[in-house]
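One chain, subunit A, links the two complexes that follow: it is found with subunit B in the first and with subunit C in the second.
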Partner chain A sequence: MHGTYGAGPAGRGVAWITAMYLVLPILIVIPVALTDQRYLSLPQEGISFRHFATVLTSEEWLGSIWQSFTIAVAATVLAVTAGTLCAIGCWRISRRSTDLIRVLMLLPLIIPSIVYAIGLYRYFGPLGLLDRFLGVVLAHGVTGIPYVVITVSTALAGFDPRLEQAARSMGASLSQTLRWVILPRIMPGIVSGAIFAFVHSWDELVMVLFIASREVFTLPRRIWDGINENLDPAMAAVAVLLVGFTLLLLLGDRALRRRTEAG
Partner chain B sequence: MTRTGLGWWVLILPAVLLLLVFYIAPIAQVLAISFSEPEPGFGNYERLFTSESVQRVILTTLRICLITTVLALLLGFAVAYAITLASPRARSWWMLAVLVPLWISVLVRAFAWVTLLRRQGLVNDTLMSWGLISEPLPLVWNEFGILVGMVHYMVPFAVLPMLSAMREIDPRLLAAARGLGASRGQVFRQVFLPLSMPGVIASGVLVFIFSLGFYITPAILGGGKTLMVAEWISLQILDLIRWGLGTMMATMLIVAILVTLAVFSRVVDLRRMFGAGG
Partner chain C sequence: MSGAAGHALAIRGLTKRYGAFTAVDDVSLDVAQGQFLTLLGPSGSGKTTILMAVAGFVEPTAGAVLLDGRDITPLPPERREFGMVFQGYALFPHMSVAENVGFPLRVRGQSRADRDAKVRAALDLVQLEKFADRLPRQLSGGQQQRVALARALVFDPTLLLLDEPLSALDKKLRAELQEELKALHRRIGRTFVNVTHDQEEALSLSDTIAILNHGKLVQVGGPTALYERPRTRFVADFLGKSNFLEGTVRESTLDGFALEAGGARLQVKLTAPAFPPPGGSVVLLSLRPEKLALLAEGETADNMVEGTIRAWSYLGAGFSLVVATEHLGEIRAVLPAWKAAIAPAEGLRLRLGWAADAAVPVEEDAPPGDTT
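Coming up: the complex of A and B.
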């Protein structure tokens, strides 16, 4: 569209200001994390890495990071397995009969997590899943399924169903067809879905506020307590580490998409 | 159904069972509790008409959500418009500016806003040192802070549906309108804007329903003084142990979202909005 018709100065101005509003406030955590002071401030006399050292040597922070990581990995495995199989099933079965399933898959994206969180709080009690690793993995994994279904469905939309029919007619079983014909073709969609599911669990706070308390104390939960109790530069250091990690994942996802589009 | 067809249904089973047992069931229980506690009946729902605090929370939430939606649409429209008209190279930078905030933890973003906006925060400090103000401005832990944080969160969600609508507009239409003597403003108002309207509505619905149940950002930036529905529900459940009221409001939240979607489902293709591949 470039060249035929350009945006006016007012439109461009608002767009630029919006872009700065989106990006700049997040960057503020970097200088604050590098401050040489004990309180939240910009560096006064020089930069210091001691707040990073505080975080990276703290057993509490490291424990929470590890817990969040293991929960996210387990939840991702759950979401990717169930979500990929479901997307493939829906793709092969006629559209009409799977409509209800597609609606079901949208619900976790539409219904606010606060509603689900209070539901789980009550539901997990009798099952003995409150404040348990398994409980959080189930909650994060189940709500991660829709992301995987969406990315894998998108990958399947570009897949020729005749390949699958050919494989089946030459005597391949369902599991052989899945393993050798379908899965390799939709791998980028699966990996993309896995990244979404991982980030979903890694960042999730509302559910853990209700279904976890002491034994399970994830990273978002610790940050939440930090923001509400003591605002110190160590929080900014955690924020910087998180931003860096998220950017790595985002760049990984983009590189993957580019390779798929090019291939 | 043939025997081979059955195999495909088995693939769907794990996801559906997981969702039914660990997603639908807990939510169904929330709906049930709202009618059964503290005593069976519609007692909790009567509060909608009799309790002033319930009404205040609903009005506050609706007001904040509407303002957020309007602001996110305005800002998001400008960005989507700029992206549509940008060169491919510039476009990928713009996309980065939209996607990076989308991926960064909502807690990190709320923390950044607190750092900037609190009394001894960077904005107040800077303004004071320039002598523009003598007292720190109340920028956070009030409704203003909530709006700043919510709009910041929602702009990327507003950009994406509008962008996909705008990219379907045939650029030759705009060139033709210009060629026929329309001014830049006329092309925008009479050609571009009407054609991008479906995207604008989709974005509006998306931002509005996401805002309604928003918890973390309002809780941190509102400082407990300005309560929105989600935080109010959490207060009822965790602090006041009033399950009936909390679940009633949760039910109302679901109803409000479903009604909004139903009203706009004629204009908006839900599946496309969530990118479910056609």
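Coming up: the complex of A and C.
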């Protein structure tokens, strides 16, 4: 950020308060997860890792983590493929009508997920997709598309259209241009979109509550049930693991952006 | 790069409209085998649009593009086999210099070994052998320009198209690369079509210059012909500088006429074969500043005018003077510094003279949008 003014003390104060407001609720689960008590509370006599141990040895928790992970991976593949193709298609045609398509693709982001969940419940029933791996993957994948469309569109906006023309003037076919020129240039946008799509599926609860029950029991679902049934601090431990994992992904995204900006 | 002769390009009645706006208006041009044609015009005059239509990126509203007499208008750009240097070069930022230059060969499915040899030869041609492994952003502007050139030439294109290839470079480098480009053209004997808004570049590089304004072709010809005998005021003004003198024809002879302009009587001798304008008609003359000479005491010329220096500047090689005259208004003159008999100063009185064949009649330009 060259050539911009630094923030004044007031601006800096507000920024810090906002950051704390956002971060504190997340931080509070850390001491709770380290509690030495049997119920959801702050540590009393000392910290203990036994709740982490419980989670990491429980078949139920590990099963849910694995299920969440595979669903998220599959949903990400779906979202990235569809989102990237859509963004590139709109970019290439770039007419008034494609703006409409782009808005349409953002709908899953705009519509409250509970509305979406009710809709899915109604038409997944007859299709036999309720409580199925494929059903949840479809639901998460489709609602993950907007993230990919946004990041890939942004990457494409910074793509010099003359590079495509240059490739074609040298005789490159559409698929060669796509593989050797366009995709390598927008890869950071695609990876960024993939990370967001993954995180979206990884912590999605509302739709899962509607379209899954026993067969598919994702991690957020297990936390939800756990909170409703007993106040086991294992939940806090899971939450910490969840936050840590998400943070890792976002840091990865950030590092990637850094590298492309420097590069 | 084989020594095969270039190909002939013809543009027939090319028109491109964007809605109600006409970017290119009925342009027809012929470029002979191995010729260097420059499209010259101010920004927005439609140069890039014409080049892009030749390359196949712009679909003409009307008209055709012919290569060796064959209509190629419906052919997509990737099937035309034209080399192209884009404005800003459009090098692939994620590929090394060698990968950039090898791209057209990779696209054609050539083997690694074939590719390497050709890439080396192309980099040799532009003196960049040592930079093969660099990324474009690690090169200077002039080097990037040469990579773009090597990349456009490596696949033996039938035609080389260049869109403002030198405009991003500083003046000295530009002059250097102009020389190189000219030498390259001589060496490989390909047909070049160049686009520029820089009149010096056009004059020094081209066999033929096509001058464009508001999407219309104003005049086509060799650099000397255009400079010495501009057809319209716009051409005279855009290609170099010019004084414009307007007057009424008083007396016509076989190869010239006398013009009455603001109380002065000027002798005009026509150099190109043309009919002198009839008496009484109004004529506009273009007079190049460097064709005026400072007259010493008692010296005479076909045309003479007296005036005072209003402003002047030193150009190194010469002095540029703005002289206020009684009859002809302000006249611009450029005198070679080494033989200027005066030290210019504002208010200094002097006499200027020019030969009868120094000034040439030009037409007024049609206003933009006029479709005649």
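We take it that the second predicted complex is superposed on the first by the 244 of 263 C-alpha atoms of A that agree within 3 Å, B and C clash if a C-alpha of one lies under 4 Å from a C-alpha of the other, contacts with A are read in each partner's own complex, and residues count from 1 in each chain.
As a working rule, a contact is a pair of C-beta atoms (placed from the backbone, for glycine too) under 8 Å apart; a residue touches a chain by one contact, two chains touch by 3 or more.
In this text the structure is predicted, and so the values were computed from the model without any measurement.
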Which of subunit B and subunit C A:47 touches, first, second, both or neither: neither
Touching partner for A:168 - first (subunit B), second (subunit C), both, neither: both
Partner chain in contact with A:160 - subunit B first, subunit C second, else both or neither: second
Partner touching more residues of subunit A, whether subunit B or subunit C: B
First (subunit B), second (subunit C), both or neither touched by A:180: second
Subunit B and subunit C footprints on subunit A, overlapping residues: 168
Subunit C partner contacts - residues on subunit A that touch it in the complex: 160, 162-163, 165-173, 176, 180-181, 184-185
Touching residues (chain side subunit A, partner subunit B) in the complex: 1-2, 4-8, 11-12, 14-16, 18-19, 21-23, 25-26, 28-29, 32, 40, 42, 78, 81-83, 85-86, 88-90, 92-93, 98, 101-102, 104-116, 118-124, 138-139, 141-143, 145, 149-150, 153-154, 156-157, 168, 174, 199, 203, 205-206, 209-210, 220, 223-224, 227-228, 231, 235-236, 239, 242-243, 246-247, 249-250
Subunit A partner contacts - residues on subunit C that touch it in the complex: 55, 57, 76-84, 86-88, 90-94, 103-104, 106-108, 151-152, 155
Contacting residues of subunit B [partner subunit A, same complex]: 4-5, 7-12, 14-16, 18-19, 22-27, 29-30, 33, 74-76, 78-79, 81-82, 84-88, 94, 97-101, 103-116, 118, 120, 122, 152, 155-156, 169, 171-172, 174-175, 178, 184-185, 187-188, 209, 212-216, 220, 230, 233-234, 237-238, 243, 246-247, 250, 253-254, 257, 261, 270-271, 274-278
